[in-house]
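Paired with subunit B in one complex and with subunit C in the other, subunit A is shared by the two complexes that follow.
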Partner chain A sequence: MATTEVASEVTGSVWKVELEEGDHVDEGSVIMILESMKMEIPVEAPVAGKLVDVRVSPGESVEEDQVVCVIQS
Partner chain B sequence: MRDPIVSNADDGTQAPFADGDRLGELAFRREQAKAMGGSQAVERQHKANRLTIRERIEALVDQGSFREIGTLAGTGRYDENNRLVSVIPAPYVAGHARIDNRPIALGGEDFTVRGGTSFGSQRRKGGQGGFVEDLAFHYRIPLVNLIDGAGGSVTSLKRRGHSVFPGVDGFERSVELLGRVPVASAVLGTAAGGPAGRAILSHFSVMVRGSSQIFAAGPPVVERSLGQRIDKEQLGGAGVAVDTAGTIHNAADSEEDAFAQIRRFLSFMPSNVWELPPVVSSDDPLDRCEERLASIVPEKRTQAYNMQRLVRMVVDKDSEFEIRPTFGKAVITMLARLNGRPVGVVANNPMVYGGAMDADAARKQIHFMELCDTFHIPLVFFVDVPGFMVGRKAEVEGVLREGMRAVYAAGNLSVPTVTLVIRKCYGMAGMATCNKNDIDLKLAWPSAEWGSLPVEGGVAAAFRREISAAEDPAAKERELEAELRPYASPFRTAEAFAVEEIIDPRETRPVLSEFIELAEGRLRTTLGPRPRVGVQP
Partner chain C sequence: MSTQASLLQLLADGAPHSGESLGQRLGISRAAVWKHIKALRDAGLEIDGASGAGYRLRHPIRLLDEAEIKAATGQAIGQYAGLRVEYQVDSTNRLALEASPPLPVAVLAEQQTAGRGRRGRPWMSPLGGALYLSVAWPFEAPARGLSGLSLVAGLALADAIEEACVLNTRLKWPNDVQAQGRKLAGILIELVGDPAGQCRAVLGLGVNCALPESVAEGIDQPWTDLYRETGAVPDRNRLAGALLRNLAAVLPVFERDGFAAFQQQWDQRDALRGQDVVLALGERSLEGKALGVDADGALRLQTPDGEHRYVAGEVSVRLRS
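Presenting the complex of A and B:
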């Protein structure tokens, strides 16, 4: 079983988290939406699998390259 | 299959061929070359999860196509009767071979022989001004460097009796090659010195994540100079050299992956600047109109979308090869094909700071545009750029200078170019996506908008006094924005023929493919090296 860490591409804040731990994701599923530079930036699943760890919650700040969730596939 | 290892250990035994048996001697000397630095050194190389130079060449090129040049170069040891006992081969293996049945020159350091350090022969096999560079230059074929060495060694000082002035074996040929033939380098071990320099003087470079490092100087020098203790992976692993600094273009998961990337890169390139890039047959229909393109850009202007996916829907299926996917991510640069013809795609990435161009993205775009311009690969810009990145960090990194260098590089392009505005095209960063030396073709989707700066923010700046004097400044700002917004419609610009065509997003593939095909006649008549121009800002 492979685990894939999903990192934020930007420095910004978490606007909303769309999925929960345990949810199934397809490649391209939107897991959460960040806000940066007045843009809503979706965090998409790079692979299909199960969302096993969501490490941030709405309102929280995130840094570039920070791991925000983990997918197991 | 690996070659059997014949020991060339110095055991004092005499070479197994009779006096005067020239063919026997040739066979023995060839065996000695194949044995490289001996079985122990080869084992050490394998234990470090690295292939030997000979295995690397076999893994890279078309099977059985390698013709070695300089096989016998090395240091012979003779007995008291002047009979050959053994040969330690030169620490560099070179020759020519074929990739996709097209000829290339290639060579690489043999780390199993004295750690791949340079070798004091009459003529250099590889490296600066080496035979392999001359072969690529004069026969106008691509050069592949398989780098695993740290260049010169002070051990040569005593043998030579004097120290070498920098540049005696200079980079002149490496520099000339960059304007003549494709040069691809794989960093496959720890590279410093001359080999590291040559990795940079390449059109495409790749290193193996976890087992390759590259730096100006390694940990011992760093510790002596600065007192900093740092291991070689932290100093020059792919996390630094590829993802952060952009010193090397791509990272690979293994040596085999690095070779696959080099083969892929070369598949888009002509053999030299006097030829057109190779066209392949494509089974992806030219008139494929992707329905999903009609809705991929969200209605809401502040919602980002996946530009990678968008581009993949347009170009020939599975044809894309991304250059620098982990560096300067605000812009995506990839080689791809449209109806079998190579194109260079430059696409702004709204997922990364709205696609705003920062210094790294500018550097990445400049290199890619010059690469495509040099090898006659038409460029397609998928534009969604709100401008240069703003803020203190961006300014400290020199965004304005790097951004204007991108504008300068775009201004020097001679290769045909199509500009397709997907959403935003603002300011000077927008200018770096057009080529006025060409037909200056600007296409747009209906979702497009452009200008010197967006209406929002632009209104706040231009009408500052009027807004602050209003009873409800926020309402006034909204009112002014609403008044100006209709003029930002792309259709108004199309009325004025200031953008040449607005297309249905679903038609993107056929429209772009047709223009790329049209450009071929022009490309065919403008082959050859690009002239050097001016001074880069």
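Presenting the complex of A and C:
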């Protein structure tokens, strides 16, 4: 089993989290949407698998390169 | 063109037209004219009169016209792979998000039935009352390289309004366009990445042109429109052309040089600099003095414990008590 950490590409805040821990994701599934300077930026699954860890919640600030969730495949 | 769109075109001049003459020109009965008039009224248009006396649009409008928009854009139209001008759509941003390559593509509509604002909020989109324009623009850079795009789009919009409508505007971070402290235009940007590391940015721009009172009641902040500010019916085709031209000029420069290339121009339009403001960040809010923006487009705030930079949140001018 491989684990893949998914990092935020931007500094911003979490607008909404679309999936929950335990959910299956396909490559390209939108896991959450971040907001930075009025841009809405989706965080997409880079690989298919199971979402095992969601580390942020709506309203929280995130930094560039911060790991926001983990996928096991 | 739908019958409703044709009827609107006949009424656009703001002169009175009898139900009978409208029916003749459209090839429909007076009763059918009345039904379409009602539908236009339901869509937010203010139409005075009744069938006998003649129907009259309270504020004449200029309908969107593809040929006029292209002419107003000038040579820069060559930088766009596609231009779609629609009568009614659910959301111009959705169409631009889903538009097939090649990009860039611009989508305009007279009316949106499900216009999108920030964070899924509805964006009031009455028929003909505003300019709704979404542009899907391709970037080689991934999302991280696009910090400040929001501000650059705001600048292009403010410049276009000034040029096409001769109106002084300022920008409220990150990109609300204001006239006399009231919101005149707004922008929502949605980014989509692709596996190759490229990125599609959809810039959704909405400019209030002549909003009917009935719609205006639903807006939760001080607002204005071009008609109220300039006293003239805005030429939306000219405005759209200026906007498409400005975007085509600034976006390639932004992709190469980043926001820093525009910081000085942005500063000149900054509505908040030097003001005491409140920044709402989710449940929290903090107060400080706005110091302008940095080279990435982040808001600089002087707070009691020093200077901080912010890329998220909703900022408003603090009212003195």
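Quick notes on this one:
Just so it is clear, the second predicted complex is superposed on the first by the 73 of 73 C-alpha atoms of A that agree within 3 Å, B and C clash if a C-alpha of one lies under 4 Å from a C-alpha of the other, contacts with A are read in each partner's own complex, and residues count from 1 in each chain.
One rule holds for everything that comes next: a contact is a pair of C-beta atoms (placed from the backbone, for glycine too) under 8 Å apart; a residue touches a chain by one contact, two chains touch by 3 or more.
Please read these numbers as outputs of a predicted model, since none were measured by experiment.
Between subunit B and subunit C, more residues of subunit A are touched by C. When both complexes are overlaid on chain A, the residue A:13 reaches subunit C alone and has no touch with subunit B. Of the two partner chains placed by superposition, subunit B and subunit C are both touched by A:39. In the superposed pair of complexes, A:61 makes contact with subunit C only, with no contact to subunit B. In the superposed model, A:48 makes contact with neither subunit B nor subunit C. Common to the subunit B and subunit C contact sets on subunit A are residues 9-10, 28, 36-42, 44. The residues of subunit B lying in touch with subunit A in their complex are 300, 302-306, 309, 329, 350-354, 356, 386.
Remark: subunit A residues 9-13, 15, 28, 35-42, 44, 58-61, 64 touch subunit C in the complex.
By the touch criterion given at the top, residues 9-10, 28, 36-42, 44 of subunit A touch subunit B in their complex.
Listed in rising order, the residues of subunit C touching subunit A in the complex are 118-119, 142-144, 146-151, 174-175, 187-193, 195, 201, 281-283, 297-298, 311-313.
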